[in-house]
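What follows is a structure written as structure tokens; I'll ask about it next.
Letters A, B, C and D mark the chains in the order given here, with residues in each chain numbered from 1 onward.
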Amino acid sequence: MIFQIILLIMLAYVVGFIYFGLYRNILARIQGRYGPTIYQSFYDSIKLFSKKNTVNYGWMFYLGPIIMATGAVLTLILVPVFSDSDFLRSATSQGNLFVLLYLMVLGPLGNALAVGTGGNPFGVMGVVRGLTRLIGLELPFYIAVVGLIIAANSSDIVHIIDMQKTGGLNIINHPLLFIAAMISMVGFFGESPFDIPGAPQEVYSGPRTEFSGKFLALLMSQGSLFAFAKLVLIIDLFLGGADSLWMLVLKTLAIFVTIIFIGVVYGRYKVEQAVDFLMKIPTLIALLGLARVIWFG
Amino acid sequence: MESGFHGSDLDSSLKCKLEESGMANTHAIMEKAVNWFRSRSIFVVAYGTGCGAIEMPPTFTSRYDAERMGVVGVATPRQADLIILSGYLAYKTLRRVIRTYEQMQRPKYVITLGSCPINGGMYWDSYNTIKKLDDYIPVDVYVTGCMPRPESVIEGFVLLQERIKNGEKAGWQKYDENLKFYKDNQKRVLGGHIDPSYETDWYNLENGGVA
Amino acid sequence: MNSIFLLLNILPILFLYQFGGDLHVSFSLTKDFTLSLIQTPLGTFFAYLSLISFLLVTVSQKSKKLSCNYYALQLLLSFAMLIIVLAGDFITFFIGWEIMTWSSYFIISKSNNIDIKSLQKYILFSLASAFSLIAAIVISYSFANSFDFATISASFKSMPFDIQLTLIILFSLSFFTKAGVIGLHYWVVDTYSKAPDLFSSILSAVMSKMGIYGLFLIYGNIVGYQELKIMFGTILNGTDFGYTLAWIGVATSIIATFKAITQDEVKRLLAYSSIAQLGYIIAVIGFGTTYGVAGALYHTLIHTIIKLLLFINVAAIIAQTGKNRFSELGGLIYRTPVSFVMLLIGIIGLAGMPPLGGFASKFMMYNAAINTKFALILIGMLFSGAASFLYCYKLVYGIYLGHPTSKGLETQKEVPLSYLIPQIILALLLVLTGAFPGAFVKVINPILTQFSLKALPYDGVGIMDSAVGNFNGLFIMSAFVAFFVLILLLISRIKSKAKNNINRFDISYCGEVPSKDTSLHYGFGFGTELHRIKFVNAILKRSTATFYDALALQTKRSSELLSRMYYGNIHNTMIIILLFFSALFFIGVNS
Amino acid sequence: MSLGYYFLLPVIFSFLTPYFKKLGSFTLRGSSILLSFILFVQSIAYTTMKLPQISQFSIKPPLGIAFVLDGYSLLFLLIFTFSAVIVSFYMLWYFKVNPKRDEARFYVFFNMLIAGSIGMILSCDIFNLYIFFEIVGICSYTLSAYNKDKLGLESGIKYLIIGSIASIFIVFAIMLIYLQIGTVNLGLIAQRFHEIDPKISVLIVLMLFIGFGTKAELFPMNFWAPDIYQGSISSVNGLFSSVVAKAYLFVFFHLFYLFGLSSKYMLFVMVIGAITFLVSEFTALNQTNVKRLFAYSTLGQLGILFMALSTNSSETVSGALFHLTSHSISKLLIFLALGILIHHLKSTKISIFGDFKSRFLTIIFAIGFLSILGIPPFSGFVGKILILKGFALSHNYSAIAFILLVSIVEAVYFFRLTAMMLDKKGTKRVVHVGFINYILLCVLAALIVIFGLFPSLLIHYTDLAANALINPTDYLKFALGVGL
């Protein structure tokens, strides 16, 4: 199991960084630029790891990014990567969807402690924005997830994947839930119009203001792990998981690119606008999907 | 060359071990690799001190796209490797510039745009601009012109990248070595109008915190 | 003084342990009233919960110089709660209930910052709760001819439906008031925030649980979950009754959560958080399924632990600094690091994050909602949980992180050991319940049997098992610790000079150096931006205070109006008497 | 000892008071205490005897005058004599701290008041009853004017006027009864009451209702009562609340059940009681004078008693009598403690509760308040729950709801006072209770607690009383002289 976990983390690390490079490229192309190389994120991360000094405001500041990375790794090992084989399924049987939902917040909350310790008001502003946004962001996502759980009558992700093998993909069965979850995902990936917490123009890059050097590098690395975990989670829930590596790449890439395409065409909401919006349209869509699950199967 | 070790992310004990086991060569290769990565990824905090600020947006956006060389803008000096000072510096600005520079993490570099930071330029006899920026913070690359076109700025980036790649001794090392010189100069022009914490060397608090 | 009462607090625990579940005492008060104490699994659970809480709080009271009266009243309170949970009939229950009411009233009145209005609020709501209880008791007596739980339970089925409904409503109202369901929570916040700091922990952790105990008693024992199902019919996979109750609970939890975020006083935030957490319990208590009852019980346990921990922690900080507002605190992390870690563990539990026990209880409740297909309830609970991260963060940020906002905080010392010991014990409990969520199954199963529900499956001490998914608490805990240590080791190996630079002014502040006057402690005020969100503002701008203040005003006015009759003019009195006589005579002769 | 001594001894004592006064105040006070003590002990002695007891004077009833003691009157006898003992002890302290007051005047009327009240409950013919009624009335007038100041005299005069009006109604009623039946013996009246022409009987009942209702402070006739309480001294307040009002209430219900009135009347009395309760409690909320406040509280409690006593069910009536006993003790406690407070703080404003500092008095007041509110483990709780239980057994849920809702209003002002006492802010004056009062208040508080914890001690007597009240066959036998 340990070997699988290490392999999984490495895979996620590589795939995550490459996706992020891809993202920067796609963004550049849309903006009419050439863009960096696809490996640019590696360069950034290695450079940051090899910075000669790093600001540290004390032990809680030190531990914050580590808690965040731990949360990301835990999330990663609890998501089943391949639907058929037990390969890379590592620790999936030890948790369930609710554990994942909460683990996804544990990391950011841990990091928020570090930000608070840092004492930079801009960082805390970012955290508060993030937590406020979370109120709106979680709502459609929770409804979607609850809809799936009730449809499958199980909070076990493996079970949800197995259900889709016989009963058809959830994206077809529950399209409304998928749409709602995708809107939330745009926010979870920090894309516009929900990229409120880290807005460099408004709050001085928010929670990351005081992080430099290896801490920033760690945050970036866990970000790529976490992004991969989230993508896999989405394809597990809605696209029936993946049975081979190329299927995995294809599906995750499809989701990722969709999210990017949504992200690049929008401006940024204010936090209250974002929550207002998320509480209206996506929530309504999700509720309709939920009603369908409850009353029509 | 001594400066080669400055870019190391390995501590001296490890370095000794490597040398003992005849792996100094490996270490040098790693050093080179790290320097290459550093040159490929430069986070910029662009400080629009003077008129050159107008040249920076085209440099970073679609037309000239500095990002293709790994040069990206960031908001805070904590994350930045490079500070671009775009033009003349009033004393008042200098104070902020020094503060920002000191908050950047090593290795860190400075690029200036235009002639004013070199010798005062058209403000050579002004009562409240500095004449030679290099007296106050170490400048790595001067991009001349009044104002320099984005092409020149990009050339400046390329030059800087070359120097980083080659592991040449950079401005921040000079600053650390000759801290007293720089601090005296800064004190001379800013006089009593400096922040109370200005003299504190934030990164050497164990040395009494005084420069 | 403290050690004497500490011993006195241990005695009932030993006493209860000695009886080991077979306690059965009765005492004849009059020919009609027999007081009886019977030990049931449910009662035993709550008894241990309250007794141990009292013990821990007494430990932390060591450093406070409290009078003998205070301890005596507190002992009386603990005794009253013991009576409540061990009562075998309603008279005993009611006597315990009322002794609890007034003994806690006198303890609260000993606080330094209590005012008459808050005291009045507390006692009037408590009495309203008690009177609604006694009304229900005598009504059930009129049908059962007995106050005994068993007899009333047996005759409940034969009562007419409207009486059954009235009884359930009256009982529920009474216990809802104690638990602080929204609308009836008017007293909770003021009382919790103005009571003696350490006593607030009792109020929140134990006394509100008596309301929960009452609800269990009524729904589980007296009425019976099966009977509720027959009475009210079903919706989805659950009962109508459970669904209604669940909405009450969820509404309570959502509204209280948002109210909590906007508070500036530390204990007011905790009070609202307490209301919100009890909202969860009330949401699932009526389901009448194994998971509903188990979830409610588990969350009762976890909430008791967490609220004791948080209130003791906050009390220590208030005692140490003399400040009780977020806007006056801040930056204590390096001054009181142990307290900080304790609070951190507390809020991770409160937010229901996985490695700690808070998650296990929430998971159980979510399971209950999935079982009954109450999707909206589940979403409501998840939503309120997501919003609760905000106040959790505010709690830890406002006190410990950020910058000190008033003088003296920078030279603060760690709080006394007597405060820390109970906190450490509670934090350990929280960790243990997180790592071994299955251990609690063995405690719950007898209670489930008592309610004639199916027992929970038991798959090992580390695993919480359910029909709709399971999780291994032990694995998650150990994986968390393992990865944490691993990443910590890796990161610390990277020799990038990481200096502990904790100067509060050395922050990236746009090239400026903030001065002492610069306001850098931003987070204490958060919650204000919530007013700009329409939905949240709709919740925040409404308050039950409007209603109750209007009620008080109208009562006062009617009282003024009525007292005008008594202005002492003897002629008018005579005339009224004569007129009254004539009117009666006229009516009497003609009828 | 013949029952007649209950009346005779105090009267003789009253007449001898001027001589006692010459012997010195010690003799006066001591003999008064002794007297009340003898009466109390004698009353306790009656609890062991077979009831009813009768004492006839010269001629056998129904023609002659007689005193009859049944279970119902025994309970009241105990309450009255006990109150007399407590008050006469309390007066020791009162005259010690107010040396210039006229002791003899007080003792004369005090003992006459006790004598009259006992006479009212023992007398078995309606004309004697009227005489005792007047005696009690006259003593009350003078006692309420004992403070010879503006308020005292005002209250005395008011009481006099109201008392006269009540007397007129009662005299007319007695006259009508005598005209219709030709007797004043209660037994005979009870036997033949249904023979009276219904229209006349309505008139008689109404007049009795107005007469006794006025004195027993029922709602539309009680506008005078708070003024009386305000004008008189605390110990007299205590007497009014726990003896005089209870004596009128006794007669009211005694006649009520003897005459066997129909359920219409009962409902009417219950409604009037409820209105009294409601109006008094609401009015009390707005009071700034402590004495008026407790006066309204007394009115309110009388309202509950009227509600509960008119139910004709032995459970409820027994509960009501328990509540009545407990209320007498609690009100005596409160008024006596209040007297101490007023003496030290020289004010009757409600704010005095926030101005004193005495842990003992705080506890005493708290016990009194909690007991009146019916909170366990104090005696008021047992009374209240018995009343509620009685109502529940007759499925009268609206009465239960009413009592409980209004009790919350009652709680508002009682706990406002408690909160003021417990409030730590402001300057507080230390109040010394005094040794005698300490003992007295402890005894009263102990009784409240004991009756709360062991109600069966008292319930035995209230059950007896309730049965005697509702089924007065034994009483009738004796009143008619059949059993002799």
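Everything below uses one rule, namely that a contact is a pair of C-beta atoms (placed from the backbone, for glycine too) under 8 Å apart; a residue touches a chain by one contact, two chains touch by 3 or more.
Since we're looking at a predicted model, the values are computed, not measured.
Any chain that touches chain C and also touches chain D would be listed here, but there is none. Among the other chains, B has the CA centre that is most remote from the centre of chain C.
Taking the mean of each chain's C-alpha atoms as its centre, the chain lying closest to the overall protein C-alpha centroid is C.
For the pair chain A and chain C, the distance between C-alpha centroids works out to 35 Å. Mean C-alpha position of chain B lies 57 Å from that of chain C.
If you average the Cα atoms of chain B and of chain D, the two centres end up 97 Å apart. Mean C-alpha positions place chain A and chain D at a centre distance of 78 Å.
Shared interface positions of chain C, defined as residues touching 2 or more other chains, are 494, 496, 499, 501, 508, 510.
Multi-chain contact residues of chain A (touching two or more other chains) are listed as 49-55, 204, 209-210, 213. Counting partners per residue, chain D has no residue that reaches two or more other chains.
Chain pairs that touch, as defined above: A-B, A-C, B-C, C-D.
Chain B contributes residues 6-7, 9, 34, 37-38, 40-41, 43, 61-62, 65, 67-70, 72, 74-76, 78-79, 81, 105-107, 203 to its touches with chain A in the complex.
Chain contact summary for the complex, chain C toward chain B: residues 494-496, 499, 501, 503, 505-506, 508, 510-513, 515.
Residues of chain C touching chain D in their complex: 28-33, 91, 94-95, 98-99, 101-102, 105-106, 109-110, 112, 115-116, 119-120, 123-124, 127-128, 130-132, 134-135, 138-139, 141-142, 555-556, 558-560, 562-563, 565-566, 568, 570, 572-574, 576-577, 580-581, 584-585, 588-589.
Remark: chain B residues 9-11, 76-78, 95-97, 99-100, 103, 195-198, 200, 202-203, 205 touch chain C in the complex. Chain contact summary for the complex, chain A toward chain B: residues 24, 28, 31-37, 40, 43-44, 46-47, 49-55, 200-201, 204-205, 208-213, 216.
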